[in-house]
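The first chain written gets the first letter, and so on, giving A, B, C and D; residue counts start at 1 in each chain.
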Amino acid sequence: MNVRPSKAPAPPEQSADPNQRFGKPEGGWREELYEVIFESHTRKGQIFDLVLIGAIVLSVVTVVLTSIESVAKSYGHWLFISEWIFTFLFTVEYIGRLLCVRRPDRYARSFFGIIDLMSVVPSYVSLFIPGSHVLLDVRILRLLRIFRILKLTQYIQEYGMLGNALLASRRKILIFLSVVFMIVFLLGTVMYVVEGPQHGFTSIPTAVYWAIATVTTVGFGDLVPKTDIGRAIASFMMLLGWGILAVPTGIISSEITHQRGMRALTGRVCTRCHAPGHEAGARFCKACGEALPQEMH
Amino acid sequence: MNVRPSKAPAPPEQSADPNQRFGKPEGGWREELYEVIFESHTRKGQIFDLVLIGAIVLSVVTVVLTSIESVAKSYGHWLFISEWIFTFLFTVEYIGRLLCVRRPDRYARSFFGIIDLMSVVPSYVSLFIPGSHVLLDVRILRLLRIFRILKLTQYIQEYGMLGNALLASRRKILIFLSVVFMIVFLLGTVMYVVEGPQHGFTSIPTAVYWAIATVTTVGFGDLVPKTDIGRAIASFMMLLGWGILAVPTGIISSEITHQRGMRALTGRVCTRCHAPGHEAGARFCKACGEALPQEMH
Amino acid sequence: MNVRPSKAPAPPEQSADPNQRFGKPEGGWREELYEVIFESHTRKGQIFDLVLIGAIVLSVVTVVLTSIESVAKSYGHWLFISEWIFTFLFTVEYIGRLLCVRRPDRYARSFFGIIDLMSVVPSYVSLFIPGSHVLLDVRILRLLRIFRILKLTQYIQEYGMLGNALLASRRKILIFLSVVFMIVFLLGTVMYVVEGPQHGFTSIPTAVYWAIATVTTVGFGDLVPKTDIGRAIASFMMLLGWGILAVPTGIISSEITHQRGMRALTGRVCTRCHAPGHEAGARFCKACGEALPQEMH
Amino acid sequence: MNVRPSKAPAPPEQSADPNQRFGKPEGGWREELYEVIFESHTRKGQIFDLVLIGAIVLSVVTVVLTSIESVAKSYGHWLFISEWIFTFLFTVEYIGRLLCVRRPDRYARSFFGIIDLMSVVPSYVSLFIPGSHVLLDVRILRLLRIFRILKLTQYIQEYGMLGNALLASRRKILIFLSVVFMIVFLLGTVMYVVEGPQHGFTSIPTAVYWAIATVTTVGFGDLVPKTDIGRAIASFMMLLGWGILAVPTGIISSEITHQRGMRALTGRVCTRCHAPGHEAGARFCKACGEALPQEMH
């Protein structure tokens, strides 16, 4: 990690291990279970994580396969069985998590606590209401856990940088989106008036949906202007959308460049005179000539 | 807010409260009414703003619902009634605004004065010409007022920065658009010659509409080249459009980065010698060594 | 214009007035005619330019209107007449240009000389081969002359900057396009094998056309994958195209930022010590304290 | 080429001539053959390279023409013959390459060794399994050899810069793609639930394919939402995709700007004191005042 001067403006703190706040029990089988389920520095914990990730991936594949009619017809029985095996496994895991933490209420209301619950509830609900089992896909969110097991701590800096860039730009993006929304709303209504229901623009919401598809350059083609005026307005909208696409890109691009610059400038301090702001590539303090700490990437 | 040195090159001034120029009356019921309608620092003024925003949103929803045939059939009567209630409300508001300012002519010709008028006129016109009531959507422009009530003064800097970036780039964008227009005009005509009316390219304007949809990567698919030469030209146009999309993005991106740099350079002044232009990350005045004020974000 | 230090790396020279190289005659009616046709600092020359631009715009409108069947049926006679009036005017202008320059061969082979010739030849050719008159659209290239008359010299710096950014990036863009072409060629062939003629991918060129439309995110929808493998490959191509779209944008964006920086750094020199490289916003020489020349934008 | 200081942080090394590692034989016909086939500084070697490139381009054209039904019908016989001529030529070339290197096993397992083998194997295989000869297109990868013969070493720096920018951003892009994949997977499943098989969303993979086409703004239009909720979700996805398109662009853009800056800083050394790290536009050494070498572009 970069050595950061204590007084320089620090980037927002990375969140600590979220599991810590559930409370690790001291002693007994609960501590042992906690170490297996919530931590990954023991051999058992790593095996547990790998098995869990495998089960998550396989259960998602099961759900996907069930949605393909031809597969569902041929192997429906096996998919049904494996579905219930995974549901049983995840139920056991969920109960295990609830049992071994000191604050089960905190866990149950945490992000992953809710995801864990949502990954088993639909199966049980589907006993009563058929069709809801596709919601099992929320299990894919549990794939976020792979970030933990793959020891991707080295990825966090980049992830945080991306997040910071988006966060720092959120006001500009909000302003930008509100302007875009007004444009598509007004232009969609104009198209509703110009083209009318006879050309597929059956209501203002439909016309706004078309306007969004046009301005964002998606252009499905299910609705298209058929009148000359409509085509002229559409041409204007396409050029407009093409042009304003540059705005969010410019915002994010400038933000990432800025964050990179901030990191470069605040990343290292001289160990003797504590002078900050050394250029990337500099090897000696520009103030006192002391050798600078090694750069990290 | 950032402290700005008085002599440093200042960014273009944010427009002051536009209402000031209509003239605030002194004393009497007109001043009271002015404070309620035009200002938002009194309790009554805040309540008025909130009610107005609610009415605007609801009236827009009414217009949207009226455009959906199934809803219009079932609830047409209620939509008709609420439409006239909103029209009555906005008429009263408009007359109130005209009455309480010292320069009603200035207000009537201002941007929001015209919007306010346009939000009531279509309803009255629709008594004579049915169908024009969809123009009521201009009321959404009145939603711009929410920027005032939400006290989004903190948003203004970013909004102004976006506007400045677009403004500073307007020449380049104009040049760019003129080049793009010539390209689509010439290539559209070529496609009209190559594909011809039998493949849907019925006229040069239609072919130009197709060329714009292709170069901007919208690609509706209502018109597509069917000949081999047409497909080759279309392939060239797609790659071209994809490539030149980079140009406006580059322009805006560079402009935003530049403006950010300008702001960084002029953002802080030394509290002792008043020297401006300190780099982001600098902690001491480069002129006299005094500690600089903390950076704001 | 910016004052540029003579030794600093200068940006590529703007091309001088291209007409100079045709040779201005000295004395007589030819010099007078030359001043009217080729120059715009006399009153007659300005009127000539305005009339010419008007004629160009109207002749282009005539061609466009002729391509619209309903208009051509109703007003075909008038369009035919005006077409020949414009052809006569442009013929006279072309002969006039040839007569009044000292080097008519140079003019005839110059860019605008060829454009001027091409704007009249199709009409005469159409006497023999009907249908070729749509080529008259090349006249729109003559609209480039408006840059001259509008005295858009102030635009040239931005135009040149754009051109320089593209020129400086041409190697990278060439490399990039060659990579893109290989990708679409290989993936198009794969799709031709996977989907085959029964799903519309009738030949490798057709499949490459589809691949270009997919990678550039145009997505006409006239050809779509119907097999599961084809859809998987298409999904991969869409994400790929979306990702590599960032590359040309990044190239251009970085180039424009660089050129702006170059201009800022080399744009002003101290009038006393000739030190270059003053930051935007600096008012005094950072080396000797002399007041710097005013910044230009 | 730029002069680079030996101690400054060097950009990643360009890979040396890959052929070197196959071992050049010393003396005899093998060395002569090696010089013709693998090197291009002799006259024979250049002729061999040009003939090879011609054969590659023509053989690719042959494959493309064979895929066009009308051409295949008329000229099938000639295409068949030329196909076998090229196959024979490439077979001879492949055997020649194997014979003249000291480490034929290394060559056979190298990238171009595999490509060379793949460019002849399909023809022989097609004797047994008709249809597989379209795989001959891998020969286009052999076009990469033109980079060698055209002595495009000057292109390498830009090519390497692009590659470095992508390489340096690979973590961020991986993180980004994993986020995008989760979004399209979840939203695709939601659309599968909302729209269902009756509107063409026949399975989760199909819905994910649609979601990717929507988020990347391709928008084929073969599948489109028909319900109001589906259209609302699609609108959200289009705006989302449009917005997050800015992220990879920002990453690459910032990376290219950074790499350019790195190159600028390390590009020149003082001829007297050998100090590196001079800014673009600097004309004198910042350490000793000696005039710096001219900047290269």
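The criterion applied here is as follows: a residue touches a chain if its C-beta (ideal position, glycine included) is under 8 Å from a C-beta of that chain, and two chains touch if they have at least 3 such contacts.
This is a predicted model, so every value here is computed, not measured.
Novice: Compare the contact pairs of C-D with those of each option in B-C, B-D or A-C, and report the one where over half match by residue number.
Specialist: Over half of the C-D contact pairs recur in B-C.
Novice: Farthest from chain D by Cα centre, which chain is it? Let me know.
Specialist: In terms of C-alpha centroids, the chain at the greatest distance from chain D is B.
Novice: Between chain B and chain A, is it the same set of residue numbers doing the touching on each side, over half shared, or a different set?
Specialist: different
Novice: Quick check: more C-beta contact pairs in A-C or A-D?
Specialist: Of A-C and A-D, more C-beta pairs in contact link A-D.
Novice: Please work out the Cα centroid separation of chain A and chain D, and write it as a whole number of Å.
Specialist: The mean C-alpha positions of chain A and chain D differ by 30 Å.
Novice: Hey, how far is the Cα centre of chain A from the one of chain C, in Å?
Specialist: 42
Novice: Residues of chain C touching 2+ other chains?
Specialist: Residues 205, 217-221, 245, 249, 251, 253-254, 257 of chain C each touch two or more of the other chains.
Novice: Flag every residue of chain A that touches chain D in the complex, lowest number first.
Specialist: Residues 63-64, 67-69, 134-135, 137-138, 140-141, 143, 154-155, 158-159, 161-162, 165-166, 173, 177, 180, 205-206, 208-209, 212-213, 216-222, 245, 248-249, 251-257, 260, 279-282 of chain A touch chain D in their complex.
Novice: Spell out the residues on chain D that touch chain A in their complex, using ranges where they run on.
Specialist: 8-9, 171-172, 174-176, 182, 185-186, 189, 192-193, 197, 202-205, 214, 217-221, 224, 228, 231-232, 234-235, 238-239, 241-243, 245-247, 249-251, 253-254, 257-258, 262, 265-266, 277
Novice: If you look only at chain A, which of its residues touch chain C in the complex?
Specialist: Checking each residue of chain A against chain C gives 217, 219-221, 249, 253.
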